[in-house]
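Two complexes follow with chain A in common, the first pairing it with chain B and the second with chain C.
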Partner chain A sequence: MTNPAAHFKQVNHSVTKVDAKQLALGKNSYVGDFVPSDALIVKMLWSPHPHARIKAIDVSKAEKMPGVKAVLWHGNVPRNIHCTAGQGFPEPSPYDTFIFDTKVRFVGDRVAAVAAETAEQAEAALARIHVEYELLPPVFSIDEAMADGAPVIHDEPEAHVPIPIPYEPKKNLVARVGCEAGDFEQGMKDADFTFDDTYETPYAQHCPIEPYTSLAHIDSAGRIIITTSTQVPFHCRRIVAQALGIPVQKIRVIKPRIGGGFGSKQEILLEDIVALFALRTGRPVFWQFTREENFRTGRTRHPIRVRLRTGVKKDGTITAIGMDCWNNTGAYGGHGLTVVSCCGSKVLPLYRCDNIHFLGLVYYTNLPVGGAYRGFGATQAFFAMESTIDKMAEAIGMDPLEFRRKNHIKTGEGSPVFAALGEGKEGTPMTVGSCALGECIEKGAAAIGWQNRTDWRTKTGRYRRGIGMACLMQGSSIPHIDMGGASIKINEDGSFNLLVGATDLGTGSDTVLAQIAAEELATTTDKMIVYSSDTDMTPFDVGAYASSTTYLSGEAARKAAADAKRQILKTGAEMLNLPVDQVVCQDAHVQTPDGSQKVSYGDIACYALYQKNQYQIIGTGSHITEKSPPPFAAHYAEIEVDTWTGLIKVLKYVSTIDCGTAINPALCEGQTEGGTLNGISYALTEQYLFQNGRMTNASFADYHIFSMRDKPPIQAILVPSYEDTGPFGAKSVSEICINGPAPVFANALYNATGARLYEFPFTPERVLKAIQAVKR
Partner chain B sequence: MKKNPHTVTFTINGELKTFLTEPDEKLLALLRREGYQGAKYGCGQGTCGSCTVLMDGRAVYSCLLYAMQAEGREIRTIESIGTHDQPSEFQQELIAGGAVQCGYCIPGMIMSATALMENETTFDDETVREYMDGNLCRCTGYEKIWTALRRVLDRQEAAGKKK
Partner chain C sequence: MKLCEFLRPASLPAARDNLRELGPKGMALAGGTALHFMQDHTPVTAVDITHLGLSYIRPDGDFYRIGATTPLADIQRYRAPRWAMHEICRRIATHQIRNISTLGGNVCRVFPWADLPVVLLAMNARMVVYTGHDQELGADEYFKTQPAKRYLKGDLLREVKVPALRSHHGFGSVKVVRTAAAFSMVTIACVLELDGQNIKSARVAAGSAIPFPRRLPSVEAALTGKEARAGVFQEAAAQAGHDAPWRGREGMSTDYSRHLAEVSILDALERAASFARERT
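And now, the complex of A and B:
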């Protein structure tokens, strides 16, 4: 079979990112760059308590403070229950949030907000708000949340789930999901070796360098215009309408350039407040979280406990996999169910096994709120799975690479898990189409020098080196739920306006979609003027999440382009006086196949707009998917462990990926390098420290994310495959890479020292303790 | 409101200007208010570098400095570097190399790199890391930023040696 990618002219090329120049020049691009000089500034009074009832609140002094234009609190805002997570609709998450409530549920929950002429005046007014709290017993762990008679965190009568899924707020239970295939217990009995291990993963924050930022104003027609740093403009519009109790029609949401999101901005945390203030005051209203607020109140990665029970035969057959997950969703339940579902659905199918058990439980606690974070449950569960895979391989005396190669899913194979686990409902049966995982394993092994890997028992001395690996998968969009739309129209010079609902949050999706449209239209990417995610102007799209943009919104862009192309061909043929089946599109012309007669797109546009049988050449397309084809990856690292201090130094990290056709190889590498470093940083240093529910390290000084100096050499290797259901063979790329580092380092640490850790970050203290416990 | 008697005068991108300010106003806030918005707020605590500007040729965190500390100094911001028609060498490499993802960190990165290029003549990796370590990026893993910068520095080093 010839490689279809060989003929591509626009996709599969590292075309310059469409917004790179304006961003490199520092031109006004982000929400904070568009704040009118007369904008009011918002400051929020946050709960200092993890769990308390607000008995009384007096804002009268604050209202009279200089510069203060309005104060919002539970007594003067609509009380409409909603969910802050921007997901499908109705959401697979509980409705458990009000704009303001009479109860606070974590340190960093909303109490009251002030809008004033300056930030200093708003701050000063906050100090004058008098609140009387009745402290309630807090719940700080899954175990406490599950205990009989545990304090009830959501006792408001309105709390409910909008779709029929288990939800028992009286027991702090946010969700329960499970599936069974084959006979798990029998599978365990059939095994030669069985394992039963429990793994813990920590809280973490996405840390986009641009914090959450929103701006609202009322336009001349009286509509609310919200310019906001969001991954989900259309969900934002719907949720703000719901929270405020006003029609969607009254709201326009604009997404300018976004300073990173990684899932955190799939949540509506500021927009309802700026919108309400704008309505109340008639003034533009601006709110940007401080870094501290971004940590405390911003969304986090759900900490999850994963118990993994597995069985393996001596010949390397995996006889049983049982995964039980306990997900701490913090004070509110958004994404709780879907994240824990993905622990199963994005991890269990990777290895062939007939006997599967999966149970996911989600509980409220009085801790920071979990949300969507790149990797979305797969990150947490892969730490467990890939650690255990190494343990199984060692027990049967097989090379862990060989063991993976023998058992991983391959093209044409399915998994009962695909059909069993969806997003709040059953999943979609699926067999794997494209899969280049075998090649990823080979290439990565060569790059890291796997053949030189030796048993830990042979290693001595203070500094010991180890090599570890992990295999990974993810998905590409949510089948039958996610939808993306695009439209494209031609201009007189043969340029095109490509309007997409898809949300570029720094990932480069505007560029990728432009390349896809240009390829379909047989023109060049620089002819595309891309405008994305403006609820008044562009078609709908669910937004940037679930690894859906390239695969799903990309196909919508391709369909829109194909629609426009049909019109271009028709008009071009008319101009050339030829039947439409005798012309083709090539190099921005409609022409005869031999090129002897041709007419340019610019001339076609002028003809269609000004000369004869005038009409607008405009194409539209929307797309939903039947499948969620997994990208695959094999990750490797070589580390050096200082056995005196427990410090892990990463010598080299290799991050391979099969993302189908890489629409833009440079951007795919960039995604892979960036996500991998984020994963490395998470595995080695990132965690939330708490004192009575209050995060004690809410700054970059105390919550360390990797800098240029910390960065180890990361080698991204793109391994092509061709996914027939994706645009020009593409699958997703963005999320998968973050799942690797934690298990890779766990396995490398074991290979270096014989110490195995079931919890990270792998801080020197933790590593040292584990090394000291090793018996040789 | 009371009349504001406080002003600060400094050279900004080559122009001598006087601005109204308050004693507790940070340089970052003043710059952004006056339209120099390439410097970004990322943390306000001197820990991320997205607010980096040059003061008398040194890279500084404008979120930590009071505006009045700029009195009589020479401040340079990203607005003085490159144009749409003629981006700087480093900007060109960043753009061509796919090193700009969300871009929020990039102006700060460019200012730190400018300080590096103007203050040093040799650019061993350790010196480069020293200059660039204060600029956090969460998107790129620094790989492509590093490659772009190395390209420029290697060329400059080679040109310097020829002289």
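And now, the complex of A and C:
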């Protein structure tokens, strides 16, 4: 059967990004481009201590310093508890944050802020703020956090959760979530082979090229206008209103172009401060994190310990999977519950198994704060799952590819996990609609040369090669939680204004949504004028996260376009003196099916606006999802290991993906390559190093991310499927690719040397020790 | 440092006069990349030395003369017989940084991770320092301590004389990095002089995994007079622990750092021997 996507004229084509020229010219695009010359500059005094109470603070000298216009600290700001994570409402995260508090909970927590005429003046003033701390015993690990009598990090009485989930701050427990299906213990007993392994995954930073950046000013009506680099403009407006104790009506949030987010900008870390300073001073106020601040104070990937217990029969049947996850959320709890939930919900359904156990626990520590990060828990859990899948295959003497092919979920199948695990509540029962994972496995295997792979552990010599693989899934939006809206109106020349709340943070979603709308309207993408994410001007959208934009906001754009199309057809039919059911939309015209009579969209717009029964042709649409169809992927890599030094070189990486219809194949390939490289870097080099809770490598000189200079050959292969519930068959593409490299490399390293690592990054020293242990 | 004023002298003597006059408030400025690592806010006056005709690479008898303000990118691109400096330069930082970072900037103030001092020590280069007149210093003496101290009174590096490699001489270098643009985990450079199958002389230097670049005399001693073969190289590399206080950094343990240095020495020696044999 032909894939319907083959016949699309706008969708499934690599049209040029709608903002390409603007970005290439580098003009008036990012927050930093809009800073007026009279803007005050913000600098923050950060806590040097991981855990301390502020006994006294004196800002009087700072207030008198040259150029200083205002100083904020816990004594002169509203004390409204809130959550900085923008992820739905009410939030599935604890309210545990104040604008400023009398306690600091990690190195990099807020103490006081200065707004001054120049950055130098602001920094000079910070040096004059005197703070007296009472040092408290810090908590630096999950084990310390869980221990009886552990120091309590959130002892403030206001801390609470807005939804009914387990939350015990006196035990440092942020959340507990779990599910059971079948009989896990019986499943373990039924197995011929059982496994019980614990895996550790590390901190990581998103490293967007544009740091956290915000600008605020007061308009002539007295409203606060916040221009900010955010993934969640509408959550931003709500959270700033809550933190400041002012109505949402007083705030407008504008998202210009964004220099990358990857989840980090799903958090409200600057906007409350610039808004408050703007209110206090009446001046425009600008704040941009330094790279060091991005590392220390910005959000990170949650480090998670995963204990995986599994059972398998000799015939390859998986009899039991038990996953216990301990999530270190750092000093504040945003995203803690949902990330750990996704460890289960985005990973466990991939393989058929009747007996499942899942438990996720989230704990506070006095370390940097975890947040949303591409992959969102699945990245951490897939390291454990896909490493163990290889171990199971080896135990029963089956090729790991065959083992995966035998067990992976297929079209029409469901998983009890879909219904059991949601984000902050139960999930949604679901069967898989589209699934081209089998084809992904085949194509990836051919591309990497899997047929030539054998057990290379017995080889000798310094440099050893190995091939590894992993299968992956993610989701597309969060059912019954995420919502996207769009509106579209026609102009006299047949162009359209497409207004979307969805947030393009460099992903190309404005282009993708324009393509979807154009396809629905039977016009061309270049006729779309896209304006995204302005809380005054565009419809609501929860924002860019949870792999939702194409699938969820795309369907909202399609619905809005369909609404406008109905009006265009009606007016066009009226102009042609034909019944509506005898005309169609084609090539920006309303016409008879044979094309003998037709009228252009431009003429229809002019007719509707100026000539008869005038009205504005405008369509609106909003969308929530009933399911979260997983994209699927099979990843492969060939690596070369220097067994004398432990250095790993990636010779080739193959990243296949089933994202349904690729709305814009070039952008999908870009997401796939970028996400894969992101994952390679995370697996091999990225590392937070600490000394007494202080990150010691908070710069790009010391924190190593892969750049294009380091990029190994990556072959991205798009494997089409058609997801009936998505816009023109689309699913998501953005997150899944980061989940692959860590397990793929672990499996390849084992294939090459027999050394299996349960912790990454795979630093040379760690790899060398594992190799030496095998030799011993 | 915070650059507050900017002078552009017309000659090397004038630049030296400016710097002597300014004392600690003055700073010779060429590429300026080192400023990134000098992030105190002391106000200084920059004395621009980029227009003094010190950007050049000239063969001169047994040496190549490289001007102090020659960008690393120029050294990377330069090709000539008996020349090997490009090999390490192409591995320093990024193209953008190599376009502005200069030879002088890398050797007048030596950071622990600097690669060029390691190479210049191995090659036995000579530094020409302008102190009112030209004073020539061998690499061993020049890199005995932090060279920045030498320039506190306004003296300036004019050029570096890198010996041309003679026949039977081989050069090898190894820079171990986590990513292409990262600072080195360990840098090793060596020059071997072969006499038939035997090593007549050896200069081996290391950097990055030790506090300051230095030669490795025990390693050199274990090579001199011996046959140039893998076993000898291995025994020599094993001496590295005697010569330098290897240290763990970036999460590496001290033991691993030393081990990595030993493997890198071995690799550098293999390369140098191979280089020399090709030139015999």
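The definition used in the following text is that the second predicted complex is superposed on the first by the 773 of 776 C-alpha atoms of A that agree within 3 Å, B and C clash if a C-alpha of one lies under 4 Å from a C-alpha of the other, contacts with A are read in each partner's own complex, and residues count from 1 in each chain.
As a working rule, a residue touches a chain if its C-beta (ideal position, glycine included) is under 8 Å from a C-beta of that chain, and two chains touch if they have at least 3 such contacts.
Keep in mind it's a predicted model, so treat the numbers as computed, not measured.
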Partner chain(s) touched by A:727 [first = chain B, second = chain C, both, neither]: neither
Which of chain B and chain C A:644 touches, first, second, both or neither: second
Residue contacts with chain A in the superposition, chain B compared against chain C: B
Contacts of A:701 with chain B and chain C, given as first, second, both or neither: both
Partner chain(s) touched by A:763 [first = chain B, second = chain C, both, neither]: second
Which superposed partner A:543 touches (first chain B, second chain C, both, neither): neither
Which superposed partner A:689 touches (first chain B, second chain C, both, neither): second
Set intersection of chain A contacts, chain C complex versus chain B complex: 120, 701, 705, 707, 709
Chain B residues within the chain A interface of the complex: 24, 32-33, 37-45, 47-48, 50, 77-79, 81-84, 87, 91, 94-107, 110, 129, 132-146
Of chain A, residues touching chain B in the complex: 14, 16-17, 19-21, 23-30, 32-33, 37, 120, 206-211, 257-260, 262, 288, 290-291, 505-508, 664, 666-667, 669-670, 673-678, 699-701, 705, 707-709, 711, 714, 716
Complex interface listing, chain C residues touching chain A: 41, 94, 176, 178-183, 185, 250-253, 256, 259-260, 263
For the chain A and chain C complex, residues of the former touching the latter: 120, 644-645, 647, 684-685, 687, 689, 697, 701-702, 704-707, 709-710, 763-765, 768
